[in-house]
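Letters are used for the chains, namely A, B, C and D, taken in the order the chains are written, and counting of residues starts over at 1 for each.
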Amino acid sequence: MNGDPVNVREFEALARAALDPVFYDYFASGAQDEVTVHANEEAFRRLCLVPRVLRGLPQPRLGVSVLGQETAMPVLLSPTAFHKLAHPEGELATARAAAEAGVIVIAAMLATVAIEDMAAEARKADPEARLWFQLYVQPDLGFTESLVRRAEAAGCAALVVTVDSPALGRNERGDRNGFHDLPPGIRCENMRDPGDVRQVVLSPEISWRHLTWLRGITTLPIVLKGVLHPEDARLAVRHGVDGLIVSNHGGRQLDGTPAAVDRLPVIADAVAGEIALLVDGGVRRGTDVVKALALGAQAVGIGRPALWGLAAAGQEGVARVLDLLRRELVNALTLCGCETPRDLVEVTRW
Amino acid sequence: MNGDPVNVREFEALARAALDPVFYDYFASGAQDEVTVHANEEAFRRLCLVPRVLRGLPQPRLGVSVLGQETAMPVLLSPTAFHKLAHPEGELATARAAAEAGVIVIAAMLATVAIEDMAAEARKADPEARLWFQLYVQPDLGFTESLVRRAEAAGCAALVVTVDSPALGRNERGDRNGFHDLPPGIRCENMRDPGDVRQVVLSPEISWRHLTWLRGITTLPIVLKGVLHPEDARLAVRHGVDGLIVSNHGGRQLDGTPAAVDRLPVIADAVAGEIALLVDGGVRRGTDVVKALALGAQAVGIGRPALWGLAAAGQEGVARVLDLLRRELVNALTLCGCETPRDLVEVTRW
Amino acid sequence: MNGDPVNVREFEALARAALDPVFYDYFASGAQDEVTVHANEEAFRRLCLVPRVLRGLPQPRLGVSVLGQETAMPVLLSPTAFHKLAHPEGELATARAAAEAGVIVIAAMLATVAIEDMAAEARKADPEARLWFQLYVQPDLGFTESLVRRAEAAGCAALVVTVDSPALGRNERGDRNGFHDLPPGIRCENMRDPGDVRQVVLSPEISWRHLTWLRGITTLPIVLKGVLHPEDARLAVRHGVDGLIVSNHGGRQLDGTPAAVDRLPVIADAVAGEIALLVDGGVRRGTDVVKALALGAQAVGIGRPALWGLAAAGQEGVARVLDLLRRELVNALTLCGCETPRDLVEVTRW
Amino acid sequence: MNGDPVNVREFEALARAALDPVFYDYFASGAQDEVTVHANEEAFRRLCLVPRVLRGLPQPRLGVSVLGQETAMPVLLSPTAFHKLAHPEGELATARAAAEAGVIVIAAMLATVAIEDMAAEARKADPEARLWFQLYVQPDLGFTESLVRRAEAAGCAALVVTVDSPALGRNERGDRNGFHDLPPGIRCENMRDPGDVRQVVLSPEISWRHLTWLRGITTLPIVLKGVLHPEDARLAVRHGVDGLIVSNHGGRQLDGTPAAVDRLPVIADAVAGEIALLVDGGVRRGTDVVKALALGAQAVGIGRPALWGLAAAGQEGVARVLDLLRRELVNALTLCGCETPRDLVEVTRW
């Protein structure tokens, strides 16, 4: 692969060099002034870790169980759309890299590879490959149910319902670039119905009633992605949701939301350990993972870093990104005096 | 029109390119070090919105009622002087754009088009056009009363009394540019008395007694613009004032005043809902509008953004600025989980 | 004079252009990293003024009484050394400008013009010229007393004892420039004893006992300059001191002291109005004066701004600086709704 | 020597000019994003000193006793590795400079000169030379004990056990430079066993039990270096440790730890004066020393500054760095109104 990056951020430069600038902008950009995009990273920078010493421990073991599924480390691939814009193999490459690394990948509803193909490819790499499916609940419940059934049939172990998108965020880089359609030959393969490709519908009418309906049609664990308010976290618990991803959609939806990691304490307090708690947005370092875990998350998702790896070097690039994070996480936990990701570390602010 | 701006701030560059630098500086500048000019925008940037999810709502309806007047959205045009410096059609273009957008325009006493002509032009676009009149109370009460009568006769629905100007703020860009007089052919048409054009008098002697006098000579609602101290807000309520605009005059009067939006909570607390509460200064985004409403305003005023639109493309430019804000506001409310501008959103700080 | 500055800071550029870089550095520099030099200005920038409206007042009257002496405005010239490095007329020009402006000038012990000559020159401009004398108490009490007698004889109305200089601060610009001696023909004229010029002695042995001695040998009011700690302010009251100047010596002594204006509240609290309270360091604007008064000072001192004026244009330059501050102060007080410098203004922070 | 630096930081530029860039990077760099490297200096900058006045004191005396050992000032040389990368004489030059200055030098286990040679060289300069020995406890306790015996035999007066290194921090500058081995002819002379040079082993298995073992085999005072958490400070007291160095290893181990000086108050509170308390990381100024002492340290260590001096001018460079700090410390204490480093100074924040 190109160069030999020593950290995850160095993959961003490689991705920028490799990609059509319009596609690079699509992945890099956020809503409007991108205040929240930058806040996500900045919030991690402001947090400090206070290590413990002389604990007499073996090398850290990174494996954790998330919603009953064992994963090699508390880092998963958050759903991101259109991987074929980053690399011709698209989500197939991503899925193989995740499977080989033993981490959960959340397949995006707007993937450019069908969930069945992603699942098959992942299973070739590892029969126990961990695949979840991300869903925008569509007003057409019949079509929504068909997506759920496909995800179940493909062996997805959880449904991740994105709830921060009652409308599309305003992406101004996209507007300036005039980027509104996928290039020829790239399609949202999960949106075929059956021959034509549907447009995704983002509607403010989607509500807790739809969640109740979804809860009734599937036994898969349901995770809500995009919760930032503790009252919504409490409502999620009451509606039988199995987990939350505290997220601002990588700063791509409402510009000016708080950094995701800064919302963890209040959300952790609201769910009080009753359901699984994840977070994504701004994770670039093993120390970021430790900070998120210290604030109450069981695992963290990465979005853009995996796309940078994919753009830079396909499957190998995603694998390198995951391996860098894994090695950094081992180092960070060791230096903090932890044996596992569940050990508590004290976090302060500058 | 020139280019195709994707947000309000992009109009500023167009305005700069279109205008004589001396006139651009006049509109852009603030008092002295312009600390307050920048603070107004920065204060919005520091505020975060915490959205709610899964509320199951229709598309937001933006209409609100301000002082009994229905407006298409909670954004109005704050009074700004000398529109003919920005565009040959001056306030006529501004008035038409506001009328067509269904928003309130506050005609400036120092307009370069007479209030009667502005009103007539607005009514051509919309017979229900919403026009208010801004007033510096003049020590010559007879002349002041004549202005009130002209505003009443022109169908203005409220009087906006600017109270932050017991003297003129010190504009150093203007001093450096030697800009002290309007160019030939441009006059303050509201200041004709009857043939000659008066100079405006800004005097520290104007007081609550003048307010009492004004309250006695007109039945129009009276709004005070430029209140930042809660004690003055309480005095306003006691003097029968109908509304306040929390404002630091766009940073053009006393440099070093707090950002207007940062004064909203304490002023909202002081008026306790008894009178209408507006704010202006630094609004550039739909999310800024939501933040101001969340802190207690019923509507927000914009000043420079309308002038940028006017300078860039006349009526069409003002219309585009208003339309961008309208679309951003719809998007922001949707993403916050709101159906109307009156729905409460939680605001935090980074 | 050169150019036509619209504010005090613009005189700094003129001074830099006019002066030998070594002398410019001498005036501009502070101790070590100059953190405190910048903090003094920055502290004013962080403070906000919350104006009041509709107070119905006449134009502000700026005159105040400080230690029983009427001054045209609450701004005085803090003592600064070596004015002949800035302009050939040295302290004579400064004294004339201050006298004509009706403000107090504190003659420096390290002036390059004798106190008798400064006083005579000031009296030519205004028989009521206000002159104070600054003193480093010297271990040689006989010589110190002779300085006091000269100051008394010259009609100085107060003694300002600098107490923040038990040693000389470490000036690294001076070290790099190799600036350790005054150029030929420029001498500390107050240090002649009688024919030779003494070196000033800065000693940590100077103590409250010396203050008691000084209190016993003169009836002049005694002001301590350089107090930052409230316990020292209380000790000053107990030792019969008549006033304090809260000051960090313009950041020239101990680098890393707090900004002077930030120490005002705690010192004002400690002296509880029993003695006069002044402040210097970082004042560049009329609004800075208002902020200092709002925090408890009766007047403020300026140091470098007067030197910039002196370097740029001699007496006329100092006069322009004072006139700019006077006009800005009138404007700031008017915009704050004040009639006099004693009216209270609310101060907040960003 | 090169140039004539007026402060410690100016030696950094000289060191950069003198060194192979790869070696310069080795000394300058920290872990990962070097957030903690910069935080160490920034934390000192944010602290303010509030001086006292008129105390009537003699010149400050800098000598303090640390762990029963008299030192000329409360500044010591923290252990740093590989001095021969900075200068051909390596630790011999450092040891002579420290001995002549009368300060404690902590010999690094990873020195490029054997402890016996360092001690002999130091004793040539001063028979009372103060030498401590730094130790990474090795899983091979026999080898560890042999190091302790060598340190004892060489006359080291204390053992400094580094406890923040259960693994090596991730140095990305080193990775990019491909710097993984010492150049030919430079070896870790303390690691000879007896003919071969061992690799240092950093292991998370080292624990308080190893400390108990160490406590049992030597009567030397034991100091733990790298404690940041108050609970570990309390554990240290309970395990019979004699002192702590609050340190984040100059930002070279876990990136994102707090600045060392910011942890002093909580650690000082935890140890409650029962054992010696030192700090290192970011000290560049005499005022930094005063700030650290004010927050509870008995002395401070410097790391990079001594290496800059060594790289710039060998023994003479180290001596100059120590002399600059000594002179700055005298000046800072005098200006704060202190007679000794034990006098308390009030510290605030901007």
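The rule we apply is simple: a residue touches a chain if its C-beta (ideal position, glycine included) is under 8 Å from a C-beta of that chain, and two chains touch if they have at least 3 such contacts.
All figures in this text were calculated on a predicted structure; none of them were measured in a lab.
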{"item": "Set of chains adjacent to chain C and to chain D", "value": "none"}
{"item": "Same-site or different-site touching of chain A by its copy chain D, using the half cut", "value": "different"}
{"item": "Longest centre-to-centre distance from chain B, chain (CA-based)", "value": "D"}
{"item": "Where chain B and chain D are represented by their mean Cα positions, the distance between them in whole Å", "value": "61"}
{"item": "Between chain B and chain A, distance of the C-alpha-averaged centres to the nearest whole Å", "value": "43"}
{"item": "Every chain pair meeting the contact rule", "value": "A-B, A-D, B-C, C-D"}
{"item": "Footprint of chain A on chain D - complex, ascending", "value": "32-33, 35, 39, 163-164, 166-167, 169-170, 172, 175-176, 204-211, 224, 226-229, 231-232, 235, 253-259, 262-263"}
{"item": "Residue numbers on chain B that touch chain A, as the complex places them", "value": "6-7, 45, 47-60, 285, 287, 291, 328, 331-332, 334-337, 346, 348, 350"}
